[in-house]
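Take this structure, written in structure tokens, and hold onto it; I'll ask about it next.
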Amino acid sequence: MEFLSLNILIFAPLIVAGIILSPLFPNDKIIVRRFAKGFSGILFIYSILFLLFFDPYNTDYQFKENIKFFSDTNWIEPLGISLGFGLDGISIMLVVLATFLVMLALIVSKKSITTKHKLYYSLILALTTAILGMVTARDLFLFFLFWELELIPMYFLILIWGTGKKEYSAMKFVLYTFFGSLFMLGSILLLNYFHVLNTGISTFSIEALTYSRHYEIPFLFESLIFLGFFIAFAVKLPIVPLHTWLPNAHVDAPTPVSMLLAGILLKMGGYGLIRFNIQMFPEMIKVFAPMLIISGVINIIYAALVALAQKDLKLLIAYSSVSHMGFVLLGLGALNSIGITGAMFQMIAHGLISAGLFLIVGVIYFRTKTRVFSHLGGLGQVMPKAFYFTILLAFASLGLPLLIGFAAEVMIFYGAFTSNSLDGFVLSNQLMTALAAISIVITAAYLLWVLQKVFMGNMFEKWQKVQDITPHETIALTFLSIPIVLFGLYPEGVTSLFLPFVDSLVSYFTL
Amino acid sequence: MEFFINNVWIIPALPLWSFLSILFGRALNVYENKYISLALTAGSTFIGFIFSIFILFYCINNAGTNHQYDILWLDTRDLKFSIGWLVDNLAAMMLVVVTSISLLIQVYSHGYMEQDKGYHRFFAYLVLFNFSMLALVLSTNLFQAYIFWELVGVSSYLLIGFWFNRPSAAQAAKKAFIINRIGDFGLLVGILALLFYSLNWWANSQNTLLEFATLGQAGSLALVNAGPVLFGFLTLGLLLGPIAKSAQIPLHTWLADAMEGPTPISALIHAATMVAAGVYLIARLYPVFELSPQTMTIMAWVGGATAFVAATIAITQTDIKKCLAYSTCSQLGYMILAMGIGAYSAGLFHLMTHAYFKAMLFLCSGAVIHSLADQQNMKYMGGLRKKMPIVAYTYLIGTLAISGLLFSGFWSKEAILSSLYTQGENLLLVIALITAFMTAYYMFRSYFMTFEGEYRGHARFHKPSKVMTMPLIILAVPSAITGFIFSGNLNLIGIKSFDSFVFYGHALHEAHTDLFLPICSLIIALLGFLLAGIIYWDKLKSLYCNCFDAIQRYTIPLYRLSVNKWYFDDFYNLLIKYLILPISEFISIFDKYIIDGFVNLCGISTLYKGKAISLLQNGNVQTYLVTALLSFIAVIILIFLIFII
Amino acid sequence: MDFLLDIKTAMLPEAILSLTILMCTVLCFMLKQQIQKVIYIISLLGLVISLFSISLLAANKVFTAFYNSFSSDFFSVLMRFLILAGTLLVIVMTKDYSFTFKNRQGEFYLLILIAALGALLLAGSNDLIMIFIALETLSLCSYALSGFLKKDKSSNEAALKYLIFGGAASALMLYGFSFLYGITGLTNLTEIFSYLANNSGGTMLNLTLFTVISGFLFKVAAFPFHSWAPDVYEGAPVPVAAFLSTVSKIAGFAALVKLMGLAFNNIEIISITLGLIALLSITAGNFMALNQMNIKRLMAYSSISQTGFVLIGFALLSYMGISGAVFYLISYLIANLGAWLAIIIFNDQTSKNLISDLNGIAYNNPYFATCFGLCLLSLAGIPVTIGFMAKFYLFHAIVQMGPAYLWLLIFALLNTILSLFYYLKVIKAMFVCGQESINSKLVFNGGVLNTSFIALAVLVVILGILVTPFINIARYSALSVKLPIKQIEIFK
Amino acid sequence: MELGLVHYLILAAILFCIGILGVIISRNIIKILISIEIMLNAVNINFAAFANFGDLDEAKGQVFAIFIMAVAAAEIALGLAILIACYNNRHSVDIEDYTSLKG
């Protein structure tokens, strides 16, 4: 296990990004692309190795590592900030998902990225570092640092290779996320303050603040801290009134970036909710469970209805993302083992499915230069492969049994329905779950609408020459389909990885 | 025999394997030959059929067979869902029905689809459907049933939309799936609620979660926990699934549109097997439904209403497939009606007989359509009996059967009617009888319009191939005889009656001692036949020509109602157009202009605030000084105020 | 020779700088105008030597000179180091710019050096008179420097405005000094502190404090005495603007820290006032920066808001706060000088100043854009840069003061969004696509200007990671400041 | 009536206010410079008065005043020099004409 170092996993992409960007590296787009792709493949395999050596029954952090500067213990000794990484049940899956999606995004970058290759590939790799750092950070400060760090590559990726109102969208994305993260910063600092107040030691370590917090924080402040975290993750997830950056960012981002954005970056919101709001504040989460559930249901229904009215393919998929992330909230709000497991599973499921759907949108847009439904139609005749993959992805997305979305939805629905986290509140879990279940109709409606309008029906003459998906895209879509089917048939393959962790999580707030 | 029971999983597994073989075989271009697809498909079904036959005989010989095997599928702490197979009499019956009809239709499809570009795709979908349907039939628990319930829906979606470049097919496929999803919604919520209210029971017992075998006990606990009202809603939710799947009012509109699919599909899915799955699920959930009398009543009335309404619609349809589709709807209504009044066996008996003769009817219509180069309108047919006698006679057998005049239909319909009679549901009985009359009328109408008289069309006729007629002939046999064989009248030679084989509670066989009802229904059906003959059989036509116009004049409003399918579709379209889409548009606009508008407003107003403040920066150093001093004084005053207060 | 010993122990850099100034003065008169570039070299040398001489000053003890009117503690040593380093970079900046001064190069360096001397004295002054003299030395030279381009209308105007505003502000400050003197009868700060520790000053003292502070608020361009800054930065020669926004500010802050001790009896009032002023500075600076088209004006407004952040550190009146402010100043100095270097490199070669002139520059000049972008991101507080660490450390200091200062935190946090917007606007302009042709390749030939530019950008990142020593230095220096706090907080 | 400290302070305050008013109101730049001088002189009066009434031993106030005078002279000299440069460019001593830098 000595060769498995998280530091290498996290910082290698950054170093490779530097290598690609350096003037010594040949400025040949094919070499750059192949080098980046090859590296991302190696990174994915490397992350798989972590998965193999991961012990799910150990709910602690594993593969712990600390980098030290000028001090025996910490990174920034005066503040008690450590540069420590570790993996546990929820991070391991997201790490693998991230490296997997980065690999696929790079595979499909061939068509959609036509300029400034060196910059593009190094930015994607820098983004990888930020994402991996976020999910493995064992220190609140570190988490926050990577959270903000991710903004910059993302900003450039949308700004430079985007389409449409890209400047507006990129700026909106950054400012919105930054806005949310400020609340998180406030919460982190307050948490640290109360730790100093009660123990005299300044620390930002997640373990210390989670497990060895034996003092009471005044209710007002604890709820403020909780809400601070919540707002940050609500922006990222996104939760409904705070979601409007997402359609813009998705629509204007280039395809691979949309894939990453929907596939992995949105999951950071869910990850944060589990890691901080639930794990750190088992008492507060009980108080705020109604908020989670209600916003979850609103997300699910509201975004689905909005998606129904969209005229633009990518917007529709973007709103479907919002709707699906509502399930994560619903599952988390259930506050029982199965609900949280379902929420985590949904994050993975949605990561794979939405990446695929955005890829399909990109494929269509690249060939037809339009995403408006009224201009599309009948493409199934000229691009059957794309059609079949879309069918698979759409059905996975609308929760077809034996595909990955179903297992997640079932767990979430079951968890939410049998939960009693809303006891003493005006609404009941059962009613809210039943409301959320309406979405299975609406989701089917808009996704089948997509299939009908884009692939079925009469075809315009002008699309006669449209090519089917290229081998690159086929490979990427096949890679995506494999886990979608595999874990749809055998969900335990994923859930068993984090089930013990979720159990330990739930044991803190047994209702 | 034990071998077949123990390895029953092979029945659904083979189609799945065939599906994957065709999928990967074609995706990777392993083969081109159409016969390989056909062989994979029909072969798998044939083996399944053999298994099914043996299993059926085993079940007949061993009363009370209940073989169940479960595999844990999803194992999280407090939720353990299983997938497995359950063989009992009901399943055995369904297996035989599904595999036999599937097999014949697959053979038939080879002839029907031979020229189609999507031949392999068609067979892949077909075999996928087979897998889903067989797994649904073998489900041990409600959850598994839900899984394959949805998979069946998807296969149906794919097959209806098989010719996806036709806008109407695409539309119909979507409609079918969405309406089925409404049913699934109810089913899902119902399952969740049932599970929730009986959670303790499952936790204390070692049984598979939601297994059919013990659903009754869990259900009665749920009734206690939830109270009768909530439990009523729960069962209604569960009922919504079958209502959608079996095309009952108000969720029946998809079935007629589903005829956009290739005709073999209409025969297999939308007549014989999938739509019957709703009835099958009701049968499986019978212990739960039984606990809620209100739901049973609603079920009966939904069935009755559907039977009646669909029959009235079928009367005026000119599209042969639409006509058959509405007749399917109507017959399914009979089955649901039977289930609703407690005539469990009668309903399932009708399911079985109907499956055979309706499949045959559809295949006949398919043969006609195929021969007339995709002409579906009966106005342009006629006189085809001479050109394709086999098709005509098999169609006639089917028509007689469905009308309840002769053959299997008579016996099964009779069982339902007599149950109605013995239960004392007189109003429903009247409805059922009127429906029977209309059934005879429209079926014979279609027969006459298609096969008798003069050919009115223009399409060049070509003869259906052997591959297509052979299944017709084979299907004609069960269509004709199943009713009689299982009617209980052959008890002497060792074949038991259907209701002593598939029953709920305890076996209950009532001999038809009272001849009033059968005669009555026979007369009614005959009347229907005569009316159809009067109107549509050319040989009789000359007799009544004068009065026909008068009749027509008085019935125009009714005619319109029927032709427009009771305005269900229009109503739904209006609902979607003027309610759901506006709501969604409204929310979308709200999202774009109010929520996002607020965000943008924040941004823009900040920019303007910046501009406004910049006005102070007017370049005059005296202004700077004044503002500086004034704001400084203001700060000082503010501070003092803070400290004084 | 106590006097000389004092100078050796306390004022070595100043002494060396004074000698350099004398030498430059003489050379200025002697040398022909064509070879006045020599003065550039000599002033650089003088600054470097005096920079090294700082390390000879003992850091752990307080030394005084000039009869206690100048004291050299670790804080002032640090500030003087920053001032000298800043001046050094400003002089480096003039390398290619000085041709605009025609034949008066020598004077320019002379004035800058004298201004730096004033700043150094201000940072160490311990007497009201010393403060005044040092401040005026700095100010007068700054006025002259702002108007150094005699033929340039905006340069004249900038100097005029600066002078009038500065005159009025220093008069206000002096008015406050006079009352301070009146109340205590003393001018030495150490004595005044001990006097105030034993006597209450009454309400008059409060008013006095406000007026005294106003002079320094002017110097650091904080609200409400900030309005001169954008005009002066725009009109003045670019190196002068850089000088004003860094060196002159650091000197002002250094003196302000010295005066913190005056708040002995009025901790809360001073604290809240400074907090309010800090917030208003940040907000005013940010709001007005949003719509700026001229990059120099943008930097002016940005520096106003950055001033506000430093003032937050002061407003806390805690060692943590002061150390936060010091650390913030370090980060500000590095990033801001980097940004000014970028502006001057761009301006030297294109003579353009608008943000839109930068459009698409990144693709022809990747290093320029990257380094400039890093400096701007540091100012905005995005990781991994020293600016991010500084902001975090400062906010950490606010929170450590407890819930009473939460309002300060909230407003400061919200303001960072605004600042991110306009910094990103510049970055966006540099990376915007499709307009690569507007800008041809800048000459980027590894001269001292470019080397120091890249070095600063690298520092911005490196120091964002290796941050511990700097926090320790900031803390150590804060401990040497006399603060009117009775209880010692948790502070290692 | 004997002149006390307060009277001097009041005089200084009035002068200071006049100075401020002059800086703010007058349009002529020379007048503005003179007004700044008046403000500084008000400060001088303060120092002298405080020194006279309070700090009799060391007379730091007087010293301070002398320093202020010296610096004020330098400041005015510089101011006039800058004004001349301005005048050369724009031929005006009206402060309203010097508003090209704004926004």
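Here the chain labels run A, B, C and D in written order, and each chain numbers its own residues starting at 1.
Please note the rule applied: a residue touches a chain if its C-beta (ideal position, glycine included) is under 8 Å from a C-beta of that chain, and two chains touch if they have at least 3 such contacts.
A quick note: this is a predicted structure, and the numbers were derived from the prediction, not measured.
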Query - B-D or C-D - the one linked by more C-beta pairs in contact - result: C-D
Query raised in the report: Most central chain by CA mean?
Result: A
Query raised in the report: When the C-alpha atoms of chain C and chain D are each averaged to a single point, how far apart are the two points in Å?
Result: 27
**Report entry** Rounded Å distance between chain B and chain D, as computed from the means of their C-alpha atoms
**Finding:** 97
Query raised in the report: Per the centroid of Cα atoms for each chain, what is the distance between chain B and chain C, given in Å?
Result: 79
Report task. Report, in whole Å, the distance between the mean C-alpha point of chain A and the mean C-alpha point of chain B. Result -> 38
**Report entry** Junction residues of chain D - those touching two or more other chains
**Finding:** 20, 23, 95, 98, 100-103
Requested in this report: Enumerate the residues of chain C that touch no fewer than two other chains.
Outcome: 160-161, 164, 168, 230-231
Report task. Give the residues of chain A that touch two or more other chains, as numbers and ranges in rising order. Result -> 175
Query raised in the report: If you go through all the chains, which pairs of them touch?
Result: A-B, A-C, B-C, B-D, C-D
Query raised in the report: Given the complex with chain B, which residues does chain D contribute to the contact?
Result: 20, 23-25, 95-96, 98-103
Query - Touching residues on chain A, where the partner in the complex is chain C - result: 69-71, 75-79, 115-116, 141, 145-146, 148-149, 151-152, 155-156, 159-160, 167, 170-171, 174-175, 178-179, 182-183, 185-186, 189-190, 192-193, 196, 200, 221
Report summary line: The chain B residues in contact with chain C across the complex are 606-607, 609-611, 613-614, 616-617, 619, 621, 623-625, 627-629, 631-632, 635-636, 638-639, 642-643
Requested in this report: Using the touch rule from the top, collect the residues of chain B that touch chain A in their complex.
Outcome: 73-79, 81, 146-148, 150-151, 154, 157-158, 161, 164-167, 169-171, 173-174, 177-178, 181-182, 184-185, 188-189, 192-193, 195-196, 199, 580-581, 583-585, 587-588, 591, 595-596, 599, 603
Query raised in the report: Mind pulling up the chain D residues that touch chain C in the complex?
Result: 9, 12, 16, 19-20, 23, 29, 32-33, 36, 39-40, 42-43, 46-47, 49-51, 54-55, 60-61, 63-64, 67-68, 71, 74-75, 78-79, 82-83, 85-86, 88-90, 95, 98, 100-103
